[in-house]
């Protein structure tokens, strides 16, 4: 056996040089920085083609356009961080709009009451997903596929086609503004505030940790059931909030509208740097991803592309944007293997 | 003194596999208690039960006289049992400090984790126990295995446990860090804590353990005061047979032919301008303090890290850009990687699939795999390395740590490559098998293989390698041969810049 | 294939049998040979699309470009063939190759450039959709040639041709997965690309091959589907996106890769077909249909859950400290 | 008359034959005839979702066009956005899939008349007695519900007619064929099928199951007309939802922008002719004014034209050829 006097505190390896540390810092954040650069590049092109892109108005409009997706994607982000996926938000969003449009009536009190109930329903439904996934050890994909169908069906039972109505005060909130900022922008600020708080809470850390390495998280004392209840419960809550916001934009209950947000919510998160294998990324990336998806639509509009070419253009822009980030991400990994 | 921890007749089965049948362990506070046994004896299973990660089927456990029946790791931690798991319990995407305080983060009034406080507390903890320096704000995924091992220890200590369990905590550590941990364990015992220490390095055990308990096949077969028993007895208890010798006789089988020649090899700022020749029939040891370029050397040669410089293999220049380039046929290079869980094994796949993953073509006829031929390869390798698995279909991730390592070793042996890059190949392997692996290495060398061999245990280099290349700051500090090849000289070369001297 | 190691597959079939029993009780006519035959034909289309999807999912990816690869092949085939059989000799191989090529592009995007599979294949799907609209100017295509119609709805000795074709493909897929180096590599890549890379597995080639296969089967299914409907129409691929993935998942594969088998996917395709075939017989509202659909899927997969079977014997064994 | 009017057509979905023909027809009708040179038409396709169409409409509104024509993703959910357009002084006309917002015109086929006439025809074919399948269209789509209810409403008046099965045809061939095939397995004794789609899928399912062809209602796609004309023993009636609704919408927009008298009712119904195998020999009692043409190859069924072509092809104020409509 070997004998050496230990020399505590002295590390064997050379300390990394300053540029190397910088690079490490950048690489750690590459998955967020790159979508940011992508968004800036898109904005630069877009801004050169349309007047007033760099004004508050543009921010207000784009945020309003992206907010439902942002809310839906917030829940999805939390689930993806955990290493899962939630398809049921599609059903929950539909159901939420339908309940709102049939129950709100005209009174402020009933509106408030039912809003709270819808959010609670989202939580309960999400927690049910979480419980099924944990207790029966089922794949999130399958469980939420099934609950998506059940929720969407319930929405169709309540309201077979788009309809119902929302109080005018409720609608006014959706299109209102304060201090020059539209209410969706304020919502976004709240959302980010929530995120910066939540990701630092023990639960937030545990969700990310569980996605990063489930076994380690368990060995460290994380309860799999508790974590899944939180994760999917929050996803349900955000789906419900997305539904509520959506009604301020549509003024109606829409029993089939939710499915339109399932894939985009995942796409926004993935563009924003979240890995489907869990543990990496955050809401800021997702928000940027949602803006990117929205701006691509605006860009295709101002490019005045003939109608059949429009899907091609948005597909190509999306690929170019993501390709850049993927290549950078890949080379960063390669250097550190 | 009454026993603080008393575990009686603990049993645990996984389906048809009996991990523990009758495990008994009694230990006092203030002692370092070693738990020994060959690979798959049930040591890790036993401590996972203590740590609440696994539930026993039967048996009784008391701690401090109270019934100890924990249902999850959290309860165990609350009762003062903290474990350094063999598989590690760290989160790759959290920083070092976040890992150490995971689930016990200091909270602000808003109930958020206080990052600053965690960093400070980490620094304090590191200082108090004289930890090797690791930056608390680094993401864990950026750390080497040895560094992770150290963080795992810090995490356990941060809970200020009454019982600290170290499951092969030194297996990935270099000599200096190992020393530190041995000292630390003694200090903790002196503070009145119970340290349960699992290791396959008997030397370590002898130096720090007050008592030892030996498991074999899931049952306790012996318990001793360390002072009153010799190594041979312990080994015989572990293996159920006498062992002849650990290190094989060393015959020089080196030929004049150069198998692998490296010129000006550089990897980022980790490896600088390295020249090295590995000959046919030779076992060339690689040594150096933790982080001085050993792993980069192995990874670069295997095409797993970007490197510059020239490589010649069996006299021909080669560019190795990927492991696939490296593994090409008889002229190839095969690697036993450092990180077995992330680089070596498909944990969810069977022992069979893992063993043969690199050599599927060997039992493919007319495009179809031949299960009989495959079974033959697999069975032979399982027998040769004494891999303890319920069946070849057992998932590799459910093997004991040492047996996982054996599967990786076997997987490499099955390839045709005659240049073997062995990065700590005996990590976690029991003494009995270790001896067999050393014998095997020398036999392979005699058959014309060329072996590059890194070990975290210097004694292995001294006893098995023909020459030892010592790295310091990513450069070749010395090549030691013959009488020069001693632990003392290796350390000297590793720590003192010979060129400057 | 070792069934003991693929419990989830076994249970997918148990779920299928259960569903058939329920079907028999609810709508006795549904257990008639004619109905089985028409179900088998419908399942064959899902099964063929899901074949490639199975490979992609096992390899740790996902293929969302299936709908428009399918649709493009269908539209272009009818467009080129003008209802004639003769040109099929070059059209069919050409379009199969084109579908495969789309898969190769997907695979390279994912494997070489590291684009997340969801985004890569989603974008390719959108681009293909636009491409077909631009190319055809939206011209609605012509009818399917007779030979294709024979493949899709014809019978040999009372046995649907397409089901025979499906059986052949299933055998090939099973062999590929269970008995070839490619199959081994695919599971390895799906389990851990890093470990596969370290083991000398040709990871890029393997995942490209999986996507290529998916492009191939989607194109094949597209052409066959025109035979079923008698013509190609835009949007004909849309229903195959979620059904192909769901069939794979119900068949026991983890959506994160590394596990599963085509044998399971077959059960998944049958479960979905029997279920969609059965539901109209219940005379429920659209909403109630979806509720039942979801509930049945949940129950089917729950029955297959290891947790459920684990719970029973373990209880007895546990008498601890 | 100086600058051409800037008109946007916002289409929520391009993925079927009908919508494509609709877009082509729109483009043709501003290139020739009375509107030639008068309209700068831009078509914006939204990817099939309400959200995408809202975003697209917002972009359109920002570019201050004279009029917006909308084939809508939802009858309700676009209303607030449309209101915004109206408030900005833009003429808004929804067509085909129309919206309920009062400030916009709604130009569509008469979805009350169509199913009523077709169901009446079916009842007559069955002599008031028999078992039928009913297509429910697409879950959540307003027209589906209108058609389904329209069918059932009339069938109720015939106690001898029993609806023994419903399926979702989803306006696509595959689902129609699969749906009918499934139902046939359980109910081989069916006497008539009321589809909302192509009809040819239902006929194919009958043939595949070895059943005799029963009377079928469907919509006037070329494939439906030719199949009915060419299939031995087929009896069909085809309702029409003309793809040139887009042209009509453009014309209406131009008229309004020109300052011509506005329509009294914001809701404008377009009455297309029916096609029936026994056209000319049968008249509706419920809607005596409904024109029912006989299906005849070469006249209103074109085997050499694309199957997805919607009939009739052209409005009366501009000549659009089958060539142009088929692209």
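In order of appearance the chains are A, B, C and D, and numbering begins at 1 in each one.
Simple rule for what comes next: a residue touches a chain if its C-beta (ideal position, glycine included) is under 8 Å from a C-beta of that chain, and two chains touch if they have at least 3 such contacts.
It should be emphasised that the depicted structure is a prediction, and the values quoted were computed from it without experimental measurement.
Trainee: Please flag the chain sitting at the greatest distance from chain B, going by CA centroids.
Mentor: Between chain B and the rest, the longest centre separation is with D.
Trainee: Between C-D and A-C, flag the pair that has more C-beta pairs in contact.
Mentor: More contacting C-beta pairs are found at A-C.
Trainee: Compute the distance, rounded to whole Å, between the mean C-alpha positions of chain C and chain D.
Mentor: Between these chains, centre-to-centre, one finds 33 Å.
Trainee: How big is the gap, in whole Å, between where the Cα atoms of chain B centre and where those of chain D centre?
Mentor: That gives a centre separation of 71 Å.
Trainee: What's the distance between the Cα centroids of chain A and chain C, rounded to whole Å?
Mentor: Once rounded, the distance between the two centres reads 29 Å.
Trainee: When the centre of a chain is set as the mean of its C-alpha atoms, what distance in Å lies between chain A and chain B?
Mentor: 40
Trainee: If you look at chain B, which of its residues touch at least two other chains?
Mentor: Correct list: 304.
Trainee: Of all the residues in chain D, which ones touch at least 2 other chains?
Mentor: 14, 23, 47, 139-140, in rising order.
Trainee: Two-or-more-chain contact residues of chain A, please, as numbers and ranges.
Mentor: 156, 160, 255, 308, 310-311, 314, 337
Trainee: By the touch definition up top, name every chain pair that qualifies.
Mentor: Final set of chain pairs in contact is A-B, A-C, A-D, B-C, C-D.
Trainee: Using the touch definition from the top, list the residues of chain A that touch chain D in their complex.
Mentor: The contact residues of chain A facing chain D are 61, 65, 68-69, 156, 160-164, 171, 174-175, 249-257, 260-261, 294, 297-298, 301-302, 304, 306-308, 310-311, 314.
Trainee: For a test of understanding, state which residues of chain C touch chain D in their complex under the given definition.
Mentor: Residues 27, 29-30, 32, 34-35, 38-39, 42, 126, 129, 133, 136-143, 153, 225, 228-231, 233-236, 238-239, 276-278, 280-281, 283, 286-287, 289-290 of chain C touch chain D in their complex.
Trainee: Which residues of chain D touch chain A in the complex?
Mentor: Listed in rising order, the residues of chain D that touch chain A are 11, 14, 23, 42-45, 47-52, 54-56, 58-60, 62, 74-81, 139-142, 145.
Trainee: Could you pull out which chain A residues touch chain B in their complex?
Mentor: Contacts found on chain A: 1-14, 16-17, 20, 24, 28, 197, 200-202, 205-206, 208-209, 211-213, 215-223, 279-280, 334-337.
Trainee: Quick one: which bits of chain A touch chain C in the complex? Just the residue numbers, please.
Mentor: Touching chain C: residues 83, 85, 132, 135-139, 141-143, 145-158, 160, 255, 263, 266-267, 270-271, 275-277, 308-316, 318-319, 322-323, 326-327, 329-330, 337 of chain A.
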